[in-house]
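Each of the two complexes below includes subunit A, the first together with subunit B, the second together with subunit C.
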Partner chain A sequence: MIRLIARRELTELWRDGRLAGAGGLVALLVCAALAVGWQRQHEIAAERTAAQVLDYDDWVSQQERHPHDAAHQGMHVFKPEPALAIVDPGIEPYVGSTIWLQAHRQSELKFRPAQDATGLQRFGSLSAAWVLQVLGPLLVIVLGFNSIAWEREQGTLRQVLSLGVAPRQLFWGKAVALGGAVTTLLVPCFVLAAAAVLYASSAAPVPALARLGWLAGAYALYFGIWVFVVLGVSARVRTSRASMTTLVALWIVTVVLAPRVIADLSRRWQPTPTRTEFEREMQHDLNEEYEHAWREQFGTSVRWGPDLPLDKWGISLRVDDHAGYGVTDEHFGALWDTFAAQRRFQEWAGLAVPILAVRSFSMGLSGTDFSHHRNFSVAAEQHRRVMQDLMSGDLIEHADPLKDRHFAYQADRELWRQVPRFVYDAPSVGWALRESWPGLLVLALTCALSAAAALAAVPRQRML
Partner chain B sequence: MRRPLADARTIAVFETRVLLADRTLWFTALATLVLVLYGLLNGLAQTGERERTITGIVARQAETERGNRDLLRQVMARAVTPDPFANPVDPASMGGGMAARHAIMPTTALSPLAFGQADLNPDYYRVTYRSKATFMYDGEIENPWNLLTGHFDLAFVLTYLFPLLIFTLTYNMLSAEREQGTLRMLLSQPLSVLTLLAGKLLPRIGALLACAVAVPVVVVLALRPESRHGDQLALLMLWAATVASYGLFWCALAAVVNAISRSSAANALVLIASWVVFVLVVPVLLNLAVGAAAPSPSRTELATRTRTITVSALARYNDLLSSDYKFVADADILLPKDGRLQIPERMQGLYLVQRDTDVELERLLEQFDRQLDAQQALVDRFGLLSPAIVMHEAMASVAGNGARRFVHFRDQVGAFHRQWKAFFEPKVLQGLAVTEHDLDTLPQFAWTERPAADARAEIAGRLAALVLPTLLLAALAYARLRHFRPI
Partner chain C sequence: MLDAVRVTKEFGPKRALDDVSLSVRGGDIYCLLGANGAGKTTLINLFLNFLEPTSGEVRINGRDVATAPLETKRDVAYIPEQVMLYGVMSGLENLRYFAALATGEQRTRTQLLDLLASVGLDTAAADRRVSTYSKGMRQKVGIAIALAKNARALLLDEPTSGLDPHAASEFSELLKRASASGVAVLTTTHDLFHATQTGTRVGIMKQGKLVEDLSNDDIAHADLQALYLRHMRA
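Moving on, here comes the complex of A and B:
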């Protein structure tokens, strides 16, 4: 019976043109977004890979110079663009992609693409994820708002139920039809996305496809939520007009309005420091730590003089660096933890505003969320520390025996070669799931809750 | 004899009574008021935070300058031996960081009206003689998730939500009368459908514009006293006219939809679909098109070029960089003699590396700002495709948080940076000690606002871009209503 009802519903959706019109438009937008995403990802990934190779070659082939000057020249590392950025670029427009690993200080990733864009960027970027998250629910509403309410208005609902069809059978038939309609539209998009991701991740296609599979599951839950909400409202209200009004209002509140309010609340709950506050506090702690370390190591905090000749430059660099690592780890860690707490807050708000949960999980599995960004930043900083320790170690080894020719020392390529090439292994699917599981859990819970609420709205007396 | 104005007034009075009685007007006006005030309060809070940050920076800079002056006096009086890397008489120390001054872009009286690009672009830079690459790439700290979501500011309320609130009052102005069977009765009176629609629109527009335009104007005038004068007052009036025009655009669209004579449900659907297209889809597509038509130069390439420029500069000055600091053996070297100071050759080398890097980088960095200008020109031209884009850009411009003002700021920072380097270069290269007189004549960043006429012209252009389609829609509604069939 459910199959029969579903087939009849699908036929009607096809015949009245809604499936082809509204659905076709959304599918077209998703395909266009995938094409744009693929081109963008392909260009960026190729450029960054080439730049990374070139950068290391330049480092190794630099001429003889003082190791500390070489450390000042440093090297750049470029964040690889994940294959699934084709589907969901996530926070990529708002975070930097390049980090300059230099002497003395941990640096942040620079060059946020949004800073090179006009104010239009704030309306959003066209991506498959944006279309699915923002316009997807609207598609479900257009396809299903009158699913039950219209039958009631026409009087056919009474007839169908009088034939012995159980209300829940009718409900599930319509749910299968609505879900089936959305699936029919999105499966070709998914296949296209899989082909693009496969092409972009030719070196390691399995993890990328696994991530895409999880994404498909999350979006299925997200659309499931909206299918149940739409059917629940359509069963609950008296007219299709009221159903449309209620659902559009719900869409506006949960997709357009609430995410901004919740972002505000998360900021109030876990305030982000300003740059001046952050830098002032970190510098204060660094100065204290440097002084303490110098007194402990050299018995003085005066930088260079009779008590501390320049042949100690190498060891002093190491003392400074190691004293600073803990402080920078603590401050950057606290800042990033604040961002993570804000994200968790918004993920759990997904119970009422599902777009927040799906957005979080989608960018998490696409490798374009802050956890992946943080993972890369930490890997880059570790590489900087390796480079720094090697340079300082060489200076300790070649401490100036004449005491006044310290900067005359020049290292050669043997030393440059000791710095390994920066190789970044993107985190595994398991890691991404561990970071993003609350989003998926919230989606599953919300889907179950909306299904239960919709089923509660379908007992016979309410349907009639 | 027909008296359209008097009839419209009478209808407006009756319509107001009906709307008040069924609570629709109360509800919509209250919702508008709450959203507008929440957005405005967020804007005021953000502007307040920016202003506190800037006040703190200015205070700390003044404190640092007093400290530098005191230290310089003590050094000159031979009362203390200076720290070699924080020596107030050493131009390399002072110009390279110790005396660094901030270039600050102030907020404006109207900043609370829109966040614009202010959460993304810094409004202060700490300028030294070091290369721009060391200080111009920083941004304010903000969770990128929140940047992606956007802020709940007044510009968001007015651009996104205001049209929807207008729809709740206007989608069924004629269709509801038809569905209730009263339209035929009304039009059997000596009353044209145009007068009827005008009378229905008046209380609706009046209530919404009072909440969306008058309330923010009153709040801003009350809480931001600088907005009561001169250019800012003129901009505030332009802002009010822009918001009113934007509201009227959506009202005119609702009038056209009503004039097409469909059911209320169909009207609502058409209006929501128009909103989705104009407010959500067109801006996102235009953003894509603008990025494709005028792409930003590659930042990856910039990083690569920065490195190669730095490498060649390091090689050029390798001899200078290889020299030691002589103060380690002879601390007296840190003190000036006859106005001269022996600047360590290594410090001179480091200065020259930074200077040369900067000269070459300047051209590359300029390309980014010029390309952003080109993108902005495209947005100005093709933004007409969506009133939401025009509105959004106008809001940011009025608030002084638009892309153009930030480019204007960066240009001024560039000029100040050159001035700062020109002040210190002869001292570093010729070994001239910094004196107290130098502290009095240190370059000071003086912010120059964009010419008020430019900002006014920009916003007036956007206002025209809203008024024109509104008039076209009104004309279309008029034409349809002249041949309106109530059945």
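Moving on, here comes the complex of A and C:
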């Protein structure tokens, strides 16, 4: 019975041109966004890989020089562009892509792609994820707004129910048809995305495809929510015009307005310091820690003062660096934890505004969310510490016994080569799921709740 | 087959049906007459369980409609004043769909064309989209759906309203054939001529009450028009 109803619904959607018109347009847009995403990801990945190789080559081909000079020059590490950025670039365009691993301090990522984008480029940077998250619900609305309301207006609903068809069977038939229509349109997009991701992740295709599979599941839940919302409204209101008006209003509120309001609320709930405040507070704590470490190790609170013997410069660099590690970890950790708390707030708000949950999960599984960004930052900082420790270690090893020629010492490529290449292993699918599970859970809960609400809107009398 | 037992239906302060009892047996064609708002359609809606009675009981084939809504609907076919079909589908596709919903069986094209032919719709018309159909043609598809369902009772809500005399006459013949095969027919109508020509029993409703319940013999002897007008004027 449900299959029969679904087949008729699909026939009608096909014959009245909505499936081919609106559906085809959205599918085309997703495919275009995937093509643009693939090109962008391909170019960025190639650029960063090449830049990483060149930067390391620069490091190892330095001339003979003082190790601390070399540490100050440092090196750069480039964040690899994940394969699934083809689907969802997430926060990638708005956070930096490069970290300068320099002496003494942990740097933030710099060179944000969005900084260099012209207004026109920003308009053109639509992603497949954006089309699915923002335009996808509109497609479901266009396909289903009159699904029940129009039948009620036309009188075919009476005709069908008089045959002994249970209203809920009719509802499920329509839900299957609407879901089927969306699936039919999006399966080719998914296949295209899989092909692009496969190409972009040829070295490790399985984890990337697994991530894509999870993404498909999350988007299925997201569209499921909208299918039930659309059918619920269509069953509840008296006319198809009222149904369209209600659903478009709902789309404006939950897709356009509420995400901005909730993002703002999350920042009020878990405020983040300004850059100046953050740096001032961290510097204050660093100074205290440095003072403590210098007093304990060298009996002075004046860092790098004239009373520090030149043969102690190596060890003092190490002491100074190590004194700061805990403080920077604590400050950056607290800042990043605040961002994570804001994200959790927004994910749970997905119970009322599902786009927030799907957005978070989509970025998470695409590897373009803040958790992945943090993971990369931590890995880069670890590499910086390895490099700094090697430079300080060399100075300790070659401490100036005469106490007058510390700055004349020069290391050579032998030392530079001891610093390993920076190799970043992207986190596993399991790690991404552990970071992003609330989004998926919220989507599943919201889907179940919207199905229950829609079914409650379909009692017998209201159908007529 | 169709029984209303002391049925009352109220919509807020308005009483649409007031203690109505009637019974339609297999082979009966019960024509329910009455002015607009007399409660005829409300009674049909109660049989279809589209409404619930405020008091009393509505039964189809001995089963209470309120407690077995889906099962009782399997025994009846309903033809409204305007048979509403899906405009983007042909008459044949509509029949295939509704018949499959009603019976759970998929019929062949030949079987469906035979059904449509039996109600006077030829193959060319059957393959046309319903959006191009006249009201009479839609009614014919509605009857074909009822025939396909092979129901034991027919509920008809002003089925001949708006039909031309030829189509109305054809429709009456179809009802008589159904009745002859033991089907119980309950039809509402404004058409006194149709009621006398087709009905084996006639009821007159006024302000929610069943004020007359005439049998075959009564109809033959009574001046139905005079009786009807007397009730309407009173």
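Here, the second predicted complex is superposed on the first by the 451 of 464 C-alpha atoms of A that agree within 3 Å, B and C clash if a C-alpha of one lies under 4 Å from a C-alpha of the other, contacts with A are read in each partner's own complex, and residues count from 1 in each chain.
The definition used in the following text is that a residue touches a chain if its C-beta (ideal position, glycine included) is under 8 Å from a C-beta of that chain, and two chains touch if they have at least 3 such contacts.
No experiment lies behind these values; they were computed from the predicted model shown.
In the superposed pair of complexes, A:Asp16 makes contact with subunit C only, with no contact to subunit B.
Of the two partner chains placed by the overlay, only subunit B lies in contact with A:Ala408; subunit C stays clear of it.
Using the contact criterion defined above for the overlaid structures, shared-chain residue A:Thr156 touches subunit C, although it does not reach subunit B. In the superposition on chain A, contact of A:Leu4 is made with subunit C only, not with subunit B. Of the two partners, subunit B and subunit C, it is B that touches more residues of subunit A. Looking at the shared chain after the overlay, A:Val165 reaches subunit C, while subunit B stays out of its contact range. For subunit A in complex with subunit B, the touching residues are 29, 36, 44, 47-48, 51, 54-55, 58, 62-63, 65-66, 69, 72-73, 75-76, 78, 90-91, 93-95, 97-98, 100, 108, 110-126, 130, 134-135, 138, 240-241, 244-245, 248, 252, 256-257, 259-261, 263-264, 266-267, 272-276, 278, 302-306, 309-310, 335, 338-339, 342-343, 346, 369-370, 373, 404-408, 410. Within the complex formed with subunit A, the subunit B residues making contact are 42, 49, 53, 56-57, 83-85, 116-117, 120-122, 137-152, 156, 160-161, 164, 264-265, 268-269, 272, 276, 280-281, 283-288, 290-291, 296, 298-304, 306-308, 310-311, 314-315, 318, 321-329, 331, 346, 368, 371-372, 375-376, 379, 383, 388-389, 392-393, 396, 402-403. Remark: subunit A residues 1, 4-5, 8, 11-12, 15-16, 154-156, 158-166, 460-461, 464 touch subunit C in the complex. For subunit C in complex with subunit A, the residues that touch the partner chain are 48-51, 69-71, 73-74, 76-78, 80, 82-86, 88-89, 93, 97-98, 100-102, 104, 149, 155.
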